[in-house]
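In what follows, subunit A forms one complex with subunit B and a second complex with subunit C.
== the complex of A and B ==
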């Protein structure tokens, strides 16, 4: 933290019940090394207790605090104020796109969770299956019993940023396809994935990977799924002939 | 609940063209759509112009004389530009779709667009000077 203080304006999307959405401005003095979520919390704590937003862990593990900050999807708990505005500047905070707004900055993500379940997404995987930067040359014999949290924190940023998801309500979305790639294709999941609303709906905008705060790299996983599906189709064609 | 404006819907296709908050891959996505629409529009204009042939050689020749005007040459250059931008970006999409150079898609985009701009400048030079 620095001794330097900034005066900023937080322009927050407000929306309750059937009322039309609008932006409300809050003027705050902040430490530029604080995070956007800290500023939103301060508005709730000292200025307006009716402000609704989601958060929990404050360290990018729970995926609850995903919002749009100055038009870009961010995990607000790890987005420094310094990175998105300047002294005297404005930070526009909006809910994620492509999810129903429940209230203010809170969106209903139940559809995402249901789809994750549909493709068999797992919260943990054996450490040997994890994509880690420097895996050991050989794993210990008992390594399979050790589990590691999967990288995806189900924050929904990728679905909010995806232009294909904006126009196709039934599109599974990057997070779901990435989860399918992580757990592997099965006979049950293949028809869901290899479909119009599955991996062929992706139009390669790579926005999912650009906003992902957790190194899931959904775009790469979608492209990898395509390779797998094409390989499977070709081998089944060859078997038939 | 007033939630409809935030929900995905086919009518929101205009959001495809909104560059605000988009990053390199998103700009490439927008560019591909704009150039695709431009090329499709050109195809229809081209067919209309060819329809002049049905009105006899004089009608066609007088239209062709009109196309020597700088404004028409500029229009033709736009078609050439769209073809290069769309075609080269398309190569990038095909390759990345099948796993080739996915981690380098941004650099790939910049390299191909540089190539496209060079080609457009060369074509433009020849079109306006010959």
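== the complex of A and C ==
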């Protein structure tokens, strides 16, 4: 941790109800090792009580504080100021794209939650099913019984970053397709996934995987789902002939 | 006569749980919250579903509340819980000297524990300090704070409760005869101010409870007592790891998703609106956390944060009891129509709501039993999926 302080400018997207949006600048002294969310919260606490932003856990487990920071989707509670600007620099903070703006930095992610529910996304999984980068060589014999909160924290960063999501509000989006891949396709979810606004709207831009703060890797999962669906179609064709 | 109308201020743990309880007892419920769900203490809680062992020696009332509520939450809201249990481990002679009191306390509070040899404990959790002297297996868990609150809110919403987030209370409306009859709020999304009238106002604002009560000339003796937590980027254990000793700094390490979270410290502040994360406390978390799990030194810091406990009991810091209290301001300040629920801890949110709803019903002369012990909560996503 550093003893030096930086003077930075937060350039924050402001928007109330039907009024046109604008940017407002706030100048503040920060420790560069603080997180972007800490700076935003201080603007609310000490400079402008009308600022609306969403946040809860402050350590990347809840997914509430996703924003666009200097044009890139970030979970602001774990994004150090040092990583996005320098002393004397500017941090532009905007709400996520491809969701309706509720106010200032807050977006309405109801659709995302509802769609996650629709594909049967699990909130907890056995730890052995968690796909971690360096899994232990052998899990303890009783590991099956341990549960873990899933990786996807429903933060919406992937949907904001996705160029295909920008083309159609009814596109299910990367998080939802990734969840469908994780739980597996069912007779109920297959027609929703294998559709124009499902699997086939993805243009393989891989932006979702680039911005995901939780190592879900939605792009790989979407590609895998496509393989599964194509394989199913082929095998049913072969059965018919 | 129509349904009684309860206005709840705050959509943290106590607010959403009280909304759920009162909706089941037949109330019209309106919840107002100045930010979004859990933006204060609740969201930033450590996330330990306490078994009560931490309090079993010196604060048995809290310990009993914890083990009872732990078992209920596992049943009604398994969707947000990593139910993997916990260990209390002894690393030195001072810890061992605490062993007997811990055993007796857990027995008195009916907390099911099992003593393990160091070898057995290491087989369960290979990453804990191999120099441990003894260990107890306990029914701890970990929960996701925001999703815990949303599950209560979803179920309350299904039962008719209405939630208004980004809606800040400016003042309490008094009728001139010492009765609170509603609230004046500002919708911060639109800078629009309006009144809401109700039969009872529930102040569920945690560390901010004193500020709301003051609007009616009432007092709540709540002391904001923050502590720091540090999240590291490796899931080194599957269970909550506690130090077998009196509650102290940095003596709990929790697994959560791919992380472990070390907590916490304890000091008092006047204004809980913004509390900086103190670097010396962060350094202490590494020091103390690494005593329990040495591998933390090789992990990277993922997040550092601070949450402010609402302590209400006499005493300060660690010596204050962690139980909760519901104040009927008619009795404490001769103000009718206002009750405050504060103190307590995340694990006891349902019990806090039950107690509050009991007092609300008693004040309004309503006979309705509490139903929240048995009813499973809806998926947290239903809060958004329900129109």
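One rule holds in what follows: the second predicted complex is superposed on the first by the 229 of 241 C-alpha atoms of A that agree within 3 Å, B and C clash if a C-alpha of one lies under 4 Å from a C-alpha of the other, contacts with A are read in each partner's own complex, and residues count from 1 in each chain.
The definition used in the following text is that a contact is a pair of C-beta atoms (placed from the backbone, for glycine too) under 8 Å apart; a residue touches a chain by one contact, two chains touch by 3 or more.
On a predicted model such as this, the values are computed, not experimentally measured, just so you know.
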- prompt: Should A:102 be classified as contacting the first partner (subunit B), the second (subunit C), both, or neither?
  reply: both
Query: Counting only touches as set out at the top, which of subunit B and subunit C does A:214 meet: first, second, both, neither?
result: second
Task: State whether A:175 touches subunit B only (first), subunit C only (second), both chains, or neither.
output: neither
Message: Going by the contact rule set out at the top, does A:71 touch subunit B (first), subunit C (second), both, or neither?
response: first
- prompt: So, does A:17 touch the first partner subunit B, the second partner subunit C, both, or neither?
  reply: both
Message: After overlaying the two complexes on chain A, where does the subunit B footprint on subunit A coincide with the subunit C footprint?
response: 17, 102
Field: Touch list for subunit A against partner subunit B, complex
entry: 15, 17-21, 68, 70-73, 95, 97-102, 107-108, 161, 163, 165-169, 171, 203-207, 209-211, 219-220, 223-224, 226-227, 230
Statement: The answer for subunit B against subunit A in the complex is residues 1-3, 5-10, 12-13, 15-16, 20-26, 28-29, 93, 96-99, 102-103, 105-106
Query: Which of the residues in subunit A come into contact with subunit C in the complex?
result: 1, 16-17, 34-35, 38, 41-42, 45-46, 50, 52, 54-64, 77-78, 102-103, 106, 109-110, 112-114, 116-117, 123-124, 127, 130, 132, 140, 142-143, 146-151, 153, 214-215
Query: Residues of subunit C touching subunit A in their complex?
result: 35-39, 42-44, 47, 78-84, 123-124, 126, 142, 144-147, 166, 188-191, 229, 231, 235, 238, 255-259, 261, 273-274, 277, 279, 282, 302-306, 379-385
